[in-house]
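Step one of this worksheet: look at the structure below.
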Amino acid sequence: MTFLIGKNMTGGYGGANILNSCTIGAEKGEITVVVGPNGAGKSTAMKAMFGMLQLSVGEVLMEGAEISKLKPQERVHKGMSFVPQNNNVFTSMTVEENLEMGAFIRRDEFSDTMSQVFDLFPILKEKRKQPAGELSGGQRQQVAVGRALMTSPKVLMLDEPTAGVSPIVMDELFDRVIDVARSGIAILMVEQNAKQALSIADQGYVLVQGSNRYTDTGAALLENTEVRKAFLGG
Amino acid sequence: MKTLIKNTILFGIMLMLLVTVGIFQSWNVALAILNLCLISAIMTMGVNIQWGYAGLFNAGVMGFTALGGIAAVVISIPPVQSAWLAGGSRAMLGLLIGVISIFLVVVVWKKTAKLGRIRYWLTALMVIGGYALMRMVIDPAIEAIEAIEPAKTGFLGGFGLPVIFSWIVGGAFAASVAWVVGRVSLGLRSDYLAIATLGISEIIIYFLKYEEWLTRGVKNVNGIPRPVPYEIDLQKTLWLQEWAERFEMPVIELSSIIVKISYASLFITVLLVIFYLSETALKSPWGRMMRAIRDNETAANAMGKNVTWRHLQVFVLGSAVVGMAGAMLTTLDGQFTPASYQPMRFTFLVWVMVIVGGSGNNLGSVLGGFVIWFFWIEAEPIGLALMNFITSGMSQENPLRIHLLENAAHMRLMTMGLVLLLTLRFAPKGLIPEVKR
Amino acid sequence: MIDLLNPLALICNFVIVPGLAYGSQLALGALGVTLVYGVLRFSNFAHGELMSFGAMITILGTWALQNHGISFGSLPTALLAMPLGMVLTIGLCLVTDRFVFRYYRVKRASPVTFMIVSVGVMFLISGLIRFIIGPNDQSFNDGTRFIMKARAFKEMTGLSEGLAIKTSQGVTVMTAFVIVIFLFWFLNRTRTGKSMRAYSDNEDLALLSGINPERVVMIAWIITGILATVAGTLYGLDKSYKPFTFLQLLLPIFASAIVGGVGNPIGAIAGGFVIAFSELMVTFAYKKVAAYLLPYNLVPDGLLQLLSTDYKFSVSFMILIIVLLVKPTGIFSGKTL
């Protein structure tokens, strides 16, 4: 049983459908990457699984239970965590406060989780009292991911986390993503930098015009000549 | 066809209401209300140009109205010779220094963009210097002018031209101030325009209240010349006396009615002209572009339309119309009373007229002006009657009853608020909604 | 020997002490406006009337207490009645939010729509206040008490200029200080307060983090109700209670919030004092100060006022215009929509 799966998802933002019977799944401890050309519906598919989109056809299941009717906030309570592409930190609040807000729904002690996040992103510990808006792009992404980890989620969804950051920062970020996956969390990631993302992916989905085109392990997709020609530059 | 019928019915009801007042109270009262309805309609059209065409919230209608009012004074009152001799030219010199300083400051500001910090200090120095110079020149002049017969004049007077001319000048005054305010606050957030207009109108009112050498301040300016005959003169004419006999009406009352009707015909003419111009503009390519900008500013910007410049045009035009209405109002009153410019009565009441009448629709503005003004005026007697009815069961001495009766007049503020809120919630398009073209 | 103490006393008496009091009142008003702006994202034109309402309830409560012979010692009795004012003002805020503003929030209406709606609310509350208490001046009937009387000061220091500090001024500054400390503690040290800052900072992300928007809104109105009541009451104690003055106060209060950086609480406080002191300094007659500091024959004839006192509200407007031209986000860089 796939831990998290969106089956045959069809829908849009009212008007034409963006998703056309697309299926995406993620497993615990694994990194699942969704790639494809612009407008393929990658972010839309992930948002649909988070509940930010109404599906006309299809369902979303987590641990076998259907969650298609739940609102995003309710899915957060179920163990999902979402890192948006833009505006993903509280710029006027300190790094530490951002993490505190990440843990908002938790009623228990979360200082352990916070030290785990600091272990994962040591630079955040250094800058914990600084307003998040003053950090560099790469550091902000770390705050964004850290914030999402504060709920000790079962699933972490990342919407183009390396958009607009330098290659070195991207490598660092992907290293961290691997660390997070190793701790047992299911990672679902939409990415533009297909080559680098697929190189760390356990499972990869290539979407074109809202439907699945190729589904395989990351390594296999990287070897696939058609995939290489179409999306990876040969 | 359906809208035509509906609009005719709405206006018809309005007419009936006025006729009812005429029958049950008096024709004089009905006509007085009509005249103010006409002026309110014009004011509402002006605000509607800003709101309906461009989505701008002008919270300073009061100030622009007052500018129109002072235009009536400046244009039509004959000059006070002694005051001019005492300090007129020196005062004008002072004003000129002020204007030149502002001009120089703006020029210097623009040309010294590269100087960084120094630019701020330089500008500040120039502002202070220019202001000090102006005050040194103008203060003694002001004292001298105000010392001339303060009880009767104590000010410079005006140009002594026909008062109707002032209606256009009022529009021009309002337009110039609108231009300045718009340049500063348009292109920023919508809240800023609202607060800036709120502020400028307060300052205009203060200026008019306290610069006695120009406006006589709170002593008011009486006896503003009229574009229509005086009742007293009418009463002496033969034809009026004949008519009074034929209609079985006292001469005084008939003369008053004729005067009001004369004003009304003037106002209706102006209203029709402005209405025609506004409708033409609305249907023109310019109007279509304005509405396109209003509906999707980001897209319009992306297409290369200079949104801020267009907004400025609309803001200035709308304010000009409001200014004109202000001049007409002062002409009707025959006197200029700075203290009568209250924000509730002007700025916020006009907004109720715009919203209830129908945003973005000129006919709606006219109707809104009529309806809301009518109810604002009639709210007092109606409120009192209502209160009397409600408390009719209570004894005469009951303190609650006394309190309710005394404060029934304030019900109209609450009623207006309620009307605005209910309209915004349940009928946001107003009585005569915008026509989608 | 140039006499420095006398002009200093003069400036303290006519600028510094009143400035601190008036600045505190504006700061409290601006805090309310900036809070509503940050959380609810609109400029509330009805805020002046909220202040008036809070002050009105407090006055009525004060009269009731005085009728029963209750007093607060040397402090104004109004302070005892203020909690009642706060409770009823909070009630008014919550009711108007539930029945008026919430509809537009759900509809995601534009900020201009909210402003016009707030004008309607302003009308309503204004009419309600006049209906209950009438349009005339009212007094708290607490007597004008002094912490320091002018004559006592002159005797103590031997100066020819007196310095008077009214009890109401002292109370204003102290109360404002306490409230601001409490507000900052709340916003920076409590989970709820931080969630409000988060919601104000980034609404979507706050929702993603599980923050309940309706709860944040409710708390914002509660705090606004408290701030408005305190600001209105202190202003009424200091001067007198006139129901329609508060409409005029809207301009300096909005100006304070914008000058300091709208949406930023520190900005609101800074802005309040900037505006208050500017108003007083620009309209102060410096002639007497000049008389002390300059040799006899150099003292000019006029009052040496930059602007006459009648124009004091225009000062806040001019500062506002300057800020809009030079740095629209304000001193502490508030939000831009």
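Should a chain be cited, it is by its letter among A, B and C, assigned in written order, with residues numbered from 1 in that chain.
Everything that follows uses one rule, which is that a contact is a pair of C-beta atoms (placed from the backbone, for glycine too) under 8 Å apart; a residue touches a chain by one contact, two chains touch by 3 or more.
All values reported here derive from a predicted model rather than from experimental measurement.
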Other chains in touch with both chain A and chain C: none
Dominant interface by contact count, named by its two chains: B-C
Farthest-lying chain, centroid of Cα atoms versus that of chain B: A
Middle chain, criterion being Cα centroid separation: C
Centroid spacing, where centroids are CA-atom means, of chain A and chain C in whole angstrom: 46
Computed distance of Cα centres, chain B from chain A, in Å: 58
Rounded Å distance, chain B centre to chain C centre (Cα mean): 30
In the complex, chain A residues that touch chain C: 72-73, 76-77, 82, 84, 87-93, 97, 100-102, 104-105, 147
Chain B partner contacts - residues on chain C that touch it in the complex: 42-43, 45, 100, 103, 110-113, 115-117, 119-128, 130-132, 134-135, 247-248, 250-251, 254-255, 258, 262, 302, 306, 308, 310-311, 313-314, 316-317, 320-321, 324-326, 328, 336-337
Residues on chain C engaged by chain A in the complex (per definition of touch): 191, 194-195, 197-198, 201-202, 204-211
Contacting residues of chain B [partner chain C, same complex]: 55, 57, 59, 120, 131, 139, 184-185, 188-192, 194-196, 198-200, 202-203, 206, 209-210, 343-344, 348, 351-352, 355, 406-407, 410-418, 420-421, 424-425
